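I have a structure I would like to understand better, so I am pasting it below and will then ask my questions one at a time.
The letters A, B and C name the chains in turn, as written, and every chain counts its residues from 1.
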């Protein structure tokens, strides 16, 4: 970390990984980074750790582990200035209604799931909400359920993981543990 | 420059300018950077100098003064790795153009189908698009149609089913499936 | 829904928030229960509807679809009550059903609540994630992920709809054998009359004999064929031509009759 005055040495391979993360459109897996940079997966991991530490030292950029890969983002500490900069920043934000978030939560926890199963839980029709989620690429059609009517099944996408900063679906807390995480204090329209 | 062991201190405003250069699509003028970061033009210039010096110390990124503004790019030293990443890793993450996806839809729903039948439905030529789909292994040639010219017939492949998460072509979403989701209620807000 | 919810007064009006803030009737019910506006142990339907109605009165603009959502749920609960009171049923059963209806709602709420919390968690995660920004990608929005079945099928059905519109706008006469399953326009009287005049000239002028197969071969499409057949039948009925078939399934000879 430069900030602390502690000398920080970048290895030549660090520069390659840094550049790859800079140009990548989607999160890049450690294995992919290792391959292109000509490193072992273990060294790539060390490189990522080093870069992450480097950027956490007062930089405006940061490394994020998301959707099974790595991504370079701006640091949360400079959020305000970046958000006010042109429209580029704002266009990255996805506006979801509470109904959409709730349907998304059902898909995330119960996937693969049919529309009527979601409706059963939420007690309301969800056609328009599902349309929104499909258009945003947050859920996808994942085949059909066997049985009457063979309804379509839905799953979350890797874009879902990206938007919510999750590494994998398994990193969501279990449904029954949610009380502790969220608590009951949350009013509507949060 | 970290590399040389010389201690390097980043100012808080440096982080903002760094982040702005990261998300900017086009070169940003010193004045604009100064404005958004809440700096005087003179301090912004110093900040840019500092960042430039920082990145020149063995990093994979670089600050470039170009077209009356500043831009963040990958550094020339990692050019090769960046080029090979763009070619291999990134190209494996296939995204289809609208034309390609539409032609694929016609083959999927109408198979077996000839090129001229696809062109009739789409209203445009699609030889190049079909080549792309063949190359990706999403469609295959499935014999010739009997009749004038014996044109080639196209079908989707098992790779297509796999990638689109289908167990059979008969599971392709029907019109009713889409209507179930799109719905007819256009109330505001979802 | 982008509107922010109004800050709520903590004491009395704990659920008097922007209506858009609710994801549905169960969400609203959860809040009513949590704010002890109604007893959690049993949820009396009349009370729920009363609370809801007063809520509606206080909110200025409630989208009709949202009100409908709540009414649909209320109707479902009401159905349970009506069944409970139905005279055909035994007393015991009625009591059971009444209890079932109320239990039903509790079960519904219990099953729903974890997802409500999950939605709140997602909102929090998204908020956290949105403090960071990505470099804008060079690719435009016109690119679809490989495997995006939704876009694939949407494009197909949009394309099909466009084709149908195009076809119904253009002239229907598109040749025999092009069966697209779309019924063609029924020939009108004017078309038949015009054809009758044409045929009359034809059979009158020709020295040689006309047959049905020869006539049909001249036709360009299904519509023309139907018009010709109708014209022939009509002319025959009027006695302006004679139709004669020598053998079964053989050709039909057409001869003009001289009008006296």
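Note that contacts are C-beta pairs under 8 Å (C-beta built on N, C-alpha and C of every residue); 3 or more make two chains touch, one makes a residue touch a chain.
Everything numeric here is computed off the predicted structure, so don't read it as measured data.
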{"item": "Comparison of B-C and A-C by number of C-beta pairs in contact, larger one", "value": "A-C"}
{"item": "Most remote chain, CA-based centroid, reference being chain B", "value": "C"}
{"item": "For chain A paired with chain B, centre-to-centre distance based on mean C-alpha positions, whole Å", "value": "17"}
{"item": "Chain A and chain C, separation of their C-alpha mean positions in angstrom", "value": "35"}
{"item": "Sequence positions of chain A contacting 2 or more other chains", "value": "22, 25, 72, 74-75, 82, 88-89, 97, 99, 125, 134, 140-141"}
{"item": "Touching two or more other chains - residues of chain C", "value": "1, 20, 133-136, 139, 145, 147-150, 153"}
{"item": "Chain A contact footprint on chain C (complex, rising order)", "value": "1-2, 4-5, 8, 17-18, 20-28, 31, 34, 69, 72-73, 108, 111-112, 114-126, 128-139, 145, 147-150, 153"}
{"item": "Contacting residues of chain B [partner chain C, same complex]", "value": "19, 22-23, 25, 94-98, 101-102, 104-106, 108-109, 121-122, 136, 138, 163-166, 172-173, 175, 177-178, 185, 187-190"}
{"item": "In the complex, chain C residues that touch chain B", "value": "1, 20, 63-66, 133-136, 139, 142-157, 159-160, 163"}
{"item": "Interfacial residue positions of chain A with respect to chain B in the complex", "value": "2-3, 5, 7-10, 12, 14-20, 22-26, 28, 32, 35-38, 57-61, 72, 74-75, 77-78, 81-82, 84-86, 88-89, 97, 99-100, 115, 125, 127-132, 134, 140-144, 150-152"}
